[in-house]
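Across the two complexes that follow, subunit A remains constant while its partner is subunit B and subsequently subunit C.
Let's look at the complex of A and B:
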């Protein structure tokens, strides 16, 4: 077994299974299928068509792509908002004609004519937008109507002016630049496309109007109900679409300098094809500039390539039709099954070999021996608080705890009968600590690190850290800030239990038992947050050591407590302090005699310990059976232990009946009493510690008497 | 009845019907020969094919789909069948082949929509491109236009004959309309189509075999397209496959939605298609008599469609609360 186990260990150490799931959960993976199709198209036509990669062919393709890509974006913008614009082809033809007419017949300069044409086409879009956005007509029909009307108008104009236009010939440097030239060999229209695409991408993904567009496309009703200006935004989308068509028409005019009845004929179909092929969902809410461009490029290469191959008149459309059906089929299936696939592969347990636990049997005479010292816990606030993960007391002996409703509740000294909501944060407040200025710093699950001033104002301290260089998931956001403590110089060290799961998914992280967590440091002097230690296995409790040079932290699923030096000669090093714990350690806090308290939130079980050595088994479990039947860490029984800097466990406090205070995630010593919190409890416990310093308090121990 | 009540009774179908009547009266009063029996017959006859195609579109649209491959199916299947005849195949065999081709290709479309779950708008668009391309490349030799062979037998009568003094296209269109009407109204399958268009998940839960039903809709519309093609071809003694690239398919959509068939499915019946077709017929006939330019005819046609949907949206407003997601 030993060698096989070594092999397995190596396999789990060096093959990052979890990355597959993380890649699948990225948004850009949406583009995978369209991108693959694009690569195939390029490879196929590259091998079939001579000179496909020649610079002249690339330049011509880029110039055409500049025009068609703009129309593709125009179509995408309205599809994203939940509409459709069939008038792009006609509008394009209108732009083309107007540009030529203004130059050849009107004698306008290019610099003036181009913006005017864009505005004219924009006004067609505005008309669409008004009818669809404000009058709430159906997009398909409305733009069908504008398609026919604008086409008819162009035809009429052509009938009247085509003759005159074909005689005159406009020439100017600017016009030549647009039609034939470019910058550094890159065609002008392609440069325009890149500019529009970059601006569009930023607007769509990183600005309020773009988010509104996506929100309205995703769910028009919800967008309306939360008060977004649905009608105005829809109208704006169509106007932008019209303007982009106009711009594209201008570029087309510059390239070919000709207007005919078939200009832009069927372009709406090509653009629609491009949009859908790229992965923009008809119906709205899913789409991006990149998708539009990939789709447009595929369609352009396909149509051009089929033309260039010189097949007989029908083969082109046939190949096109077949490819499109196939590509969309794959895309639709991919979209539908991606989540299923993701849920199958995301959970990726790894191997972890826990050392044999210290015995808790009273006959073995260890410090962990089970006893009944917590039998007589006094109960505070029974039923008034829900899930007080951590408790803390101030200098006036008032007791604070968080609740899962997002409140910090304060029980008033001396009898703790009365309680009030001290502050409302939201989220789920977990670990707490006082800083020197008597602000209460709180780790809030799902939100980050928050500060409550003595006057009860709540401010966010930090909710992000530096992103790891090679992480696939965005680990800059804090998902599960858990416990914190403060160094003598004011730096705040806090643990983030896992970067892969949300708070309520902690059992899944336990199943993985991978080093998904980390310790993060916030420095109030610089206001910066950085990650101090990575790849910890559910780091949970944090406590600054008595000498102020290191922090002690508990790794719950690894059943150990370690020390991280942030100052002194060993700065930056991590050392083990305690392992072989019989249970899962949670919060750690200082004790009055220079030692430390640690809460053991649950006990190990032999079955789960064995399972931890069998990652494949756990993976099968996660895939095949319902979560309520998984092997879980047993969080029903726990205890409190006291240990010293050398890692010697001095005593443990148990409650075998688990009646008064069933579950413990934290404890706080204050003036001769030990106060207990538990995340699944609806109460706070307190027990008198005989023979301890009755004047000792945490705040004074940290920050001294004076301040 | 007060005006407000009357106003609320309006819906798109009634508005379009009133418009048709109004135009009819205006043209009768102002245009010479408009009311002549010959003109009226040619009016109806000119839109008969459009009406038949509209019936096919209706069946698909009722199930919340759309069939943009109608015209391509029509052109290629009939052109191929006629070519087979001129190559010496017996007429019945050739016609059966053409019909089977139309049905088969429609079945493929249906499978793509129902089983592969490709959005109908896109599946039929791509199929239209494919059918045209495949037909031109591998089925139809020679030019775009396939002329009708001399030995078509009685089938020619479908386009050129008369029945009780009525041109056969009108009779066929009327018969088709009746059949589709009966199908939708009195058969179980017809009711299923409405149910699916109204609420697909609920129909599925209710026990309707949704996917075969969806495929069936496209097959029916493919068959209807073949009939429309036969009438077109025998009327003008040729089938021009270039019709695929014209905006005829938009005209088909026009007559369907003009009459008030909801593109979101489940709403509409044969009456709506007839009303829409008649409006287009009256309009085009009147404008042709007035010698209005073709492009302007297009503009007027579409303005009337716009008018109809604007009035409809005012009378039956859609708003953000009731609007269906993905209903474009």
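Let's look at the complex of A and C:
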């Protein structure tokens, strides 16, 4: 089998495997299973019950959902903070009774009575909150007590006033609107629920109090230790819960205008089931409005459905109980295995068929023929720097490199014996370039594009670009800015090697060999950043071509170098320059004679080339064996090549045994010398280039003599 | 049916036979650098087997048999018609030589008697007594140079023969073995062989009946076994097992494509030496950091020799770890207070001074 079948190619082209891992890494995936259950419930009851989808039934259901959803949210709020509220049913009954009493007996207007009732129920919640938050009583026992006491109070009040209430009848347009009407056919209670849900969602996910609620639920002790107001927040959660019950009671009163001893009976169980079924963790710290609503809707449809099917009494609670145990089971399993599943499926290789590499055998007489021209590399700063991915020199011949500690280290000319930390950025500084004003622009892995002024002040240039339209994960933030170069008009073009892996995992991207990378343009005139080219296979080195109209860029895992025109007649086009490379190209820089240097950071191994054609093999490998044991590109041996605009390779410089200077990710020609950097090295190399212009420097070549 | 289903489920989730676990090097097999620390030995061209005859060390390299003289230099004692693949010495001091091509020859005081049998892929030999020679045939399908192909094809065509050296009568004792690569006769006459591809040592009765495993799930591919002066044995393991190779062995599609398209020295397969060419497959942990290859990095080649008790319990081991020189130990033999090793991967015959048995070093 010399090449993969067309079917396989199509399959990998059109089925985006990597999306599974990205979806699994999203928080909202927790809702997937509850949502699926909801869909099942709707389908089952929709087929069993006649008129299930009729507008009248939907309207009634929506009205009930408006009430029950509020109770569901009330339960969710306290569960998220790590508690439980069993008094929601009694509180709901209290709200219902108070509303009717205030209207019928007190003759209050609806506009006044409703807020007062919400406050009364809120005060029950406050009592819960005070006892649980400040007095540190157990949530379960405390709310059980309030459940009983409030229920008793409601019963006593009913005994006293039920008679009086039943003879009077309250009527007002506002009351009718609440109980019977709505807006544009949408029931009032449902509109209420939507408003509460939207506000609640924003509060919970995008505001400080909401985050604190989550943090306290996640770990009460840690939250206390970092100084969050645990007691106050817990108390507030119960108060809000009480108020929401009150609101729900008001809406119930408006719909049915009746108070009985069975009002709100068993509501706490239904609400608890709803909360857990929706995926809100009983342990706290994990929950959302959407989860609460999905859970509430499932429970409502189940109970109503069982009722309408006319099953035996007792079958309703039975269905509810079984659903609850199922929900708890799934919740525990999901929580335990989600991360395991994610780590197994995240690496998602795709098919890539590399063309046959150019021979490196000296007998074949290619420009890549192995030689020993790098054997005599001089070593600079051995043991003083770690991970100098790129090196650059200024007009005074000082040598700069980044380190994995986030420093830019400067070696002082002429002998480079002394070094100093020129500036500290953080992250992993990678590619570097001078701009016209002698600022040093640096791509920092994990951070973005940074600028170091001659006075050593560090400023962020950009760390985000426009988000791709159809991306699952937000890819606007720069994860792995790799190398940059600057166009004559000052625009900065830089590569982001991959959007799927962090700095320390970059070789794993080779296992995928998908177009995960992009080239991004930052325009200093507008201060805007936008993505210029997408879906590149580990774009790495960038170099503005000698004509100033295009950039050359290396795609490492595709073993090719291409050209992107940003100006001129071909603006926006990408053209191939050089392919069939025997290794993985890294940084590209200009040479003194109008050609270009490119670093080959590692060599292709035939066994890996075969594996690249077999994505399923690589996928199984990523699942089965430890990352340390994965088949990698061979990044221990590399070389330097020189090529021209036509894509002809002119020469190569090798160190076969890599004893002196192990790997090469970048090289920079400066005044007759070639300086070498390598990302896994603890040294910088330099070698004299015989017969080359000893006055040529990169800065002058780009920006001229004066500036 | 249930078995097939279980196999399928195992393959899907990677457990059971599809699990790619490799036993760790711990206990008596704890890694050290004793092999690389040993003084410079004798340079040889892929030394393969090593024996002691009459107190003198003989080793084979390519097509020659060398004798180590009193100055520690290898002197040619015999030249075979082909590559020498195994040596054995009889209690009386007769040396048997297997070569490919050429069959089995005998050297007695410098005089060679050419044997009758034209076996190929002879991997190891041992004398049961002065007249009877036991011969391991690694594979009847592949030549000895193609041992990696035999492994990747899950070869189990190995055989054990017995040869009466006076009459030339040969008899097959056992068949369907997964590359028998070492043989030793126990004091009670039972035979112990190493089956490389099954990574275990197995005991056969003198008639060739399988008695049972004596060592199983070894961390490397076992090669030759020799007796030591304490009644125990020295076991050489010529290459390490690795998760990647175990995984590739379970991937028929990839394995076929790789064997068809890639040169054997660049296969994902155990090797006698590694790191010479950038075309060799590299694993994640073998990425050099700060110019250093971690000694615990995943590697295709390793040097390992283990001392076993008479009950085949490991007591001590000598290692050459990832990035070391003395890889691919094919044979080890004890002579006086020295252990002599043939490092086929390192092109060297090495002598290690042994401290008192039971001592830690």
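Here is the rule we go by: the second predicted complex is superposed on the first by the 646 of 707 C-alpha atoms of A that agree within 3 Å, B and C clash if a C-alpha of one lies under 4 Å from a C-alpha of the other, contacts with A are read in each partner's own complex, and residues count from 1 in each chain.
Simple rule for what comes next: contacts are C-beta pairs under 8 Å (C-beta built on N, C-alpha and C of every residue); 3 or more make two chains touch, one makes a residue touch a chain.
This is a predicted model, so every value here is computed, not measured.
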**OP:** Report for A:603: first if it touches subunit B alone, second if subunit C alone, otherwise both or neither.
**Re:** second
**OP:** Figure out whether A:704 sits in contact with subunit B (first) or subunit C (second), or with both, or with neither.
**Re:** neither
Subject >> Which superposed partner A:620 touches (first subunit B, second subunit C, both, neither) >> reply: second
**OP:** Using the superposition on chain A described above, determine whether A:141 touches subunit B (first), subunit C (second), both, or neither.
**Re:** first
Original post:
Should A:329 be classified as contacting the first partner (subunit B), the second (subunit C), both, or neither?
Top reply: first
Original post:
Is A:414 in contact with subunit B, with subunit C, with both, or with neither (first, second, both, neither)?
Top reply: neither
Original post:
Which chain, subunit B or subunit C, is in touch with more residues of subunit A?
Top reply: B
Original post:
Touching A:637, do we find subunit B (first), subunit C (second), both, or neither?
Top reply: second
**OP:** Could you say whether A:628 touches subunit B, subunit C, both of them, or neither, answering first, second, both or neither?
**Re:** second
**OP:** Could you tell me which stretches of subunit A are touched by subunit B in one complex and by subunit C in the other?
**Re:** none
Original post:
Once bound in the complex, which stretches of subunit A touch subunit B?
Top reply: 82-84, 131, 135-142, 144-145, 147-149, 151-153, 155-156, 159, 219-221, 223-225, 230, 265-266, 269, 272-273, 276, 282-284, 311-322, 324-325, 328-329, 332-333, 336
**OP:** Please name which positions on subunit C make contact with subunit A in the complex.
**Re:** 14, 18, 20, 242-244, 247, 251, 253-254, 256-258, 260-263, 266-268, 278-291, 293, 298
Subject >> Residue ranges of subunit B touching subunit A (in the complex, touch as defined) >> reply: 112, 116-119, 121-123, 125-138, 140, 245, 247, 250, 253-254, 257, 263, 293, 295-296, 298-299, 301-303, 305-306, 309-310, 313-314, 317-321, 323, 325-328
Subject >> subunit A residues within the subunit C interface of the complex >> reply: 1-2, 386, 507, 602-608, 610-611, 613-614, 617, 620-621, 623-637, 658, 662-663, 680-683
